[in-house]
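Across the two complexes that follow, chain A remains constant while its partner is chain B and subsequently chain C.
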Partner chain A sequence: MDLKDKLVSSFLAFENRVDNDAYVHDVRTDAFKIFEEKGFPTKKDEAWKYTSLNSVLKQDYSLFPKQEDALEYRDVKKYFIHDIDSYKIVFIDGKYSSHLSQTTHDGMDVCLMSAALSKPKYQLVIQNYFNKVATTDSLTSLNTAFSSEGAFIHIPKNKIVEKPIQIVHFSTGNEAATMLQPRNLIVVDENSHVQIIERHQSLTENPVLTNSVTEIFANKRAIVDYYKIQNDNHNASLIDNTFINQKRESHASVHTFSFGGKLTRNNLNFFQNGERIDSTLKGVTIIGDKQHVDHNTLVHHIEPNCESHQDYKGIFDDNATGVFNGKVIVEKEAQKTNAFQANNNILISDKATINTKPQLEIFADDVKCSHGCTIGQLDESAMFYMRSRGIPEKEAKGLLMYAFSNNVLSSVKIPEIKQRITKLIANKLGVNIGFEV
Partner chain B sequence: MLKIENLHARVEDKAILRGINLEVKPGEVHAIMGPNGSGKSTLSSVIAGKEEYEVTDGNIIFDGEDIDELAAEERAHKGIFLSFQYPVEIPGVSVTNFMKTAINETRKAQGLEEMPAKDMLKLIREKSELLEIDRKFLSRSLNEGFSGGEKKRNEIFQMAMLEPKLAILDETDSGLDIDALRIVANGVNKLKNENNAVVVITHYQRLLDYIVPDFVHVLYDGRIVKSGGKELAHELEEKGYDWIKEEANA
Partner chain C sequence: MSKYTEDDLREELKTKEYEYGFYTDIESDTFPVGLNEDIVRAISMKKEEPEWMTEWRLEAFRNWQTMTEPEWANVHYEKPDFQAISYYSAPNKKPKYESLDEVDPELLDTFNKLGISLDEQKKLAGVAMDVVVDSVSVATTFKKTLAEQGIIFCSISEAIKEHPELVKKYIGTVVPKTDNFYAALNSAVFSDGSFCYIPKGVKCPMELSTYFRINQAGTGQFERTLVIADEGSYVSYLEGCTAPSRDENQLHAAVVELIALDDAEIKYSTVQNWFPGNAEGKGGVYNFVTKRGLCEKNAKISWTQVETGSAVTWKYPSCVLKGDNSVGEFYSIAVTNNYQQADTGTKMIHLGKNTKSTIISKGISAGKSQNSYRGLVQIASRAENARNFSQCDSLLMGNECGAHTFPYIEAKNKTAQIEHEATTSKIGEDQIFYCNQRGIDTEKAIALIVNGFSKEVLNKLPMEFAVEAQKLLEISLEGSVG
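Now for the complex of A and B:
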């Protein structure tokens, strides 16, 4: 049975098993119909021209992995930003791990999607926000149909959340192959500020496919900073669908650090519903072997006086492949929009490839939009300069690549994350970047 | 210390160095002059180990060892330093971090521990004072947006930090104003002792007023066609290169 058939035939039983609110039931049922009709995207779809899901879809995934394996914190500590105090929402094979988590209901909700979907006290929030910004493409619909668990974060107005929130999904390989579909909902009300770190981590050699959906609502003047650390092992694939709905004067940023995994597809969508909104999309991709990372971004400028800043850097070695597909839409009403987009890439090996394609659809006349993409090699004269100062070839390469990705790091607000990312970059490049950041 | 014998080098199909002979002993200062395009920068790059140039004949002996097979960084570890005619901009790496990496990598290659942070800071302070470099400058990205003169001063700062045995200064004077020239030359002179050597490449006598050479060589068309004492530089300043070219072509 292929994966689609397997998903389709298991839907009813799944729906009967999970707690059911009538509203959520309808949303799931509608989404299921969409997925059933559309199926998985193929390379014939324009948005999937350079990313084939064939190899990841052919595994025989277990859709509802068995109950959690206990993990000891000390064994998985390294996957957390552990040197800061933080809230943690942790899942093992899709199931919540209370043992590893630190949630709260004290003046805000940092808890579980399953609770939000089933408990009456969250009914209103769910009806107002759940599946309200997610689109109806087939993979998002698939996730919506099977949505039952993930992180639920609701920050009421005028609250600055001092501690960052870490959302971590582990897969243990209890099953031969596992498919996970986490669903996160994050609502940040007026004037509030939150920082979130998300990571998917497979602890097994067995194949794992994650199809994740995150909806973020940044209400009036809210500030949301989101960091995605994608450094999974070579048998784990991730399709990350993130949707951000911004209201007036809100600031939202998403930094995506893609250093690992077999296939990673980021569908990152910003919708600006208000004036004076600021959206930031940044990414550093460093991959090798046969790894594949695809960034598919959308910024939809709907109202006047807003900004968006996109800056993606990619370093590709061996047979690695990259895709950057950045779409910016500026509606007719969205006068005085400033939209910037940059995608710069370095190909280290002759066999690595990158497909980069900006798409600007501008219907307003008084706007400032810029985009640029470059594909290059390492600067030979810089290499010689550094080596002539005694820095060995490998370190010089590493330093140049670190420098190349540096301006993406400069906007990371949490120093511990910046340090961690620098270390990951250094590890990835096999160098000791011999200085503090 | 440095002995170059019959050195031939080319890039792609173009022969640039066509039989260079040069010996530099500890404690000496050599000046290399010569018209544009004669091969001065190529010679310095070949000594420093730039792989773009292919050595087709001859030897470069440093401290008794043929260094032809050594990578640029290995030559640096042995104490060869090149002050670039056109220093390269490295955005995203500060001067300080670059120097820390260079020094510690060199120490590592020499089997030494990393330099303690305190000593590093002290060294940086001392050498930046010697070259009258503002501390703020050191946290900027290496050479990025530096003025021509700032780049050259920064090259000599790096030299001061690394304390090489053999320093090749490729047109370090160009771009420097009169005050900066004095500061930089003074820096070089302070670092000079009987165990190290300097090769200055220049078009002008004015630098040689400060850094006084023991020998002056004229490079023309890939060969050293004339050598002499410091008075040769004066003669060139006065008469230009035509007479040298005539002699060489005769």
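Now for the complex of A and C:
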């Protein structure tokens, strides 16, 4: 039985088991119909031209893994940004783990999607925001159909959240293969500020497929900083769908650090529904082996006087494949838009591949839009400069590559994350960069 | 063969006189509308083609029947009904011009509007003209000068008859007959076109030029051009298109194949000014063209195009850089106004080592038009030290038009160096103000700025074409000041 059939046959059972009100029930049923009709995307779809899901979909995934609680903090501590105080929402095989988490209802809600979906006091928020910005492509619809658990964060007006929030998904490998579909909803009201770190981590080599959807609403003058750390092991695949709806004068940034995983697909979508909005999309990808990372971004400029900044750097070794498909749409009302997009790539091995497609669709005339895209090698004269000063080749390469990705790191606002990422980069490049940031 | 007698001469003179009277009434010998194997056979028979060519066409036709029209391009139009087109139309008798006076005045008029009478052209650079009225080549000049050098420059139907070995060897090698929907259609029904062969080591002494024109309502034009530059040769080929107003949509599906053998260089320049439809977007030509060149070792192919016409353009002149050290270039200006839609760009396929490609694309959109750049740069895993530079700039006039870029970049070799940049902007108010202040009216100022914007591409055109192109830009953007 292929995965689609399995999903189809288990949908009814799932729907009967979760006890939610009619509103969410309808949303799920509609979404499921869309998925049933569209099926999994294939390479024939323009958006999936360079990424094939075939190898990922052929596994026999368990859709509803058993509950697993025997996970101690000390065993998984290293997967947290542990040297800062933070709220934590932790899931093990898709189920909430209360003993690893630290949630709050004190003046704001940092809690669970399952609670938000079932408790009457959240009904209004759910009806206003749930599935309101997510699109109806097949994978997002699939997630919507099976949405039951994930992080729910609601920051009310005029609140600066002091501590960052970490959302961590562990998979234990108790089942031979697991498919997870977390669903996150983040609502940040006027003038509020929040920082969120998201990570998916499997603890064994058993295959995992995560199809995650995150909806973020940045209301008037809100500031949202989102960090995605993707450093999973070689049998874990991640399809991350993030949708951000911005209201006037809000600032939203998403940094994506992709170092691991078998196949990673990031669908990152920004919708600017208001004036003077600022959107930032940045990413560093360093992969090797047979890894595949695909960044598929969309910035939709709908109203005037907005800005967007995109900067993606990629370093590809061995048989790795990198894909960047960045789309900027400027509607004709969106005059005075400034949209910038840059994608720089380095290929290290002969067998690595990079496919990039920066795409602009512009309907307004008074705009400044540019994109730049390069594929190249490390500068030989810079290498020579360092080697002539006694820096071994490996370290020199490492330093250059670190410098290459530094542009992206410089806008990371949490120093601990910056440090962690620097270490990860050093690890990945196999060198000691020799300085702390 | 019977002897040539005085009677024959008298007979010939009679016909000749008759021929010269043709332009007052071009009687076209037009096939019934529709397309089937019989029509394909009939076209082939009409052209007195050998058996292999008929078979080739039929094979293409059978393939075409299994294909569907491409829909991925960023253009929207009413699909032509391929069974409602007449696939062959030729001026009844084949008159030869001896002087320019005998050319259709309407054609001359269009040329004059652009300030490039054939006369002037001839004087300017000694351009050899292969004027195509509808589908059959009716005049070829300077043939002798070329023949002295061993250069073959004739219509493709003539080439099929007289140089079958060359045609057979190269036709369909760069654009296979099954390449895409329109190329397959063209392969099945192409009526005429140009053929050019430059022998080894010969530098073609003049610019070769062809003027295409559609003058028969409801006739699709299916041109086929084949240019072969043998080892170490050089040729610069100019193609210009003008079309008078027609109300219904006309289909133009041409195929151009360039073959540059070792150390050869081909420069192919196009000025395209088909009827773009009126200000309400009614009518206009559908231009679905497949152009591709193949570069062997150290060869170079350079495409330069100025696209101002056509209601819908679907055109991607490409280079397959097969040989080591080969070079591909693409310089393009695409102007769209009113309801025009253009989806154009290039493909640079790097297969050989040390291959280089340059892409400069300038898009100007005004009115309610949509202008897209779609390009592919592909570096194969064996293409060591491949180098590409691409630049696509768009200029928008008014907020009802759109500019789009769809660059695809695929690199499979670590030594590849690829740069791509694109910008979109409008004409600065300060720039216009500066011109106004110095007594240049806004319309002229825009023409001036657009010329500056397109300079990099205009510079690549042969001189006599550059003059025409500049005028064309001005004409195309007339009334777009808003």
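A few remarks follow.
Definition applied: the second predicted complex is superposed on the first by the 436 of 437 C-alpha atoms of A that agree within 3 Å, B and C clash if a C-alpha of one lies under 4 Å from a C-alpha of the other, contacts with A are read in each partner's own complex, and residues count from 1 in each chain.
Everything below uses one rule, namely that a contact is a pair of C-beta atoms (placed from the backbone, for glycine too) under 8 Å apart; a residue touches a chain by one contact, two chains touch by 3 or more.
Just so it is clear, the structure is predicted and the values come from calculations on it, not from any experiment.
Of the two partner chains, chain C is the only one that A:Ala352 touches; chain B does not reach it. Comparing chain C and chain B on the residues of chain A they touch gives the larger count to C.
In the superposed model, A:Glu395 makes contact with chain B only, not with chain C.
After overlaying the two complexes on the shared chain, residue contacts for A:Lys332 are found with chain C alone; chain B is out of touch. Applying the stated contact rule after C-alpha superposition, one finds that A:Lys413 touches neither chain B nor chain C. Of the two partner chains placed by the overlay, only chain C lies in contact with A:Ile362; chain B stays clear of it.
When the shared chain is aligned, chain B comes close enough to touch A:Arg387, but chain C does not. In the three-chain superposition model, chain A touches chain B and chain C at no common residue.
Taken together, the chain A residues at the contact with chain C in this complex read 46, 50, 332, 335, 345, 347-377. Residue ranges of chain B in contact with chain A, taken from their complex: 45, 48-52, 71-73, 75-77, 81-82, 84, 87-93, 96-98, 100-106, 109, 114, 141, 158, 162. Interface residues of chain A, counted against chain B in their complex, comprise 379-382, 384-393, 395-396, 399-400, 402-404, 406-407, 433-435.
Residues of chain C that touch chain A in their complex: 72, 379, 381, 394, 396-426.
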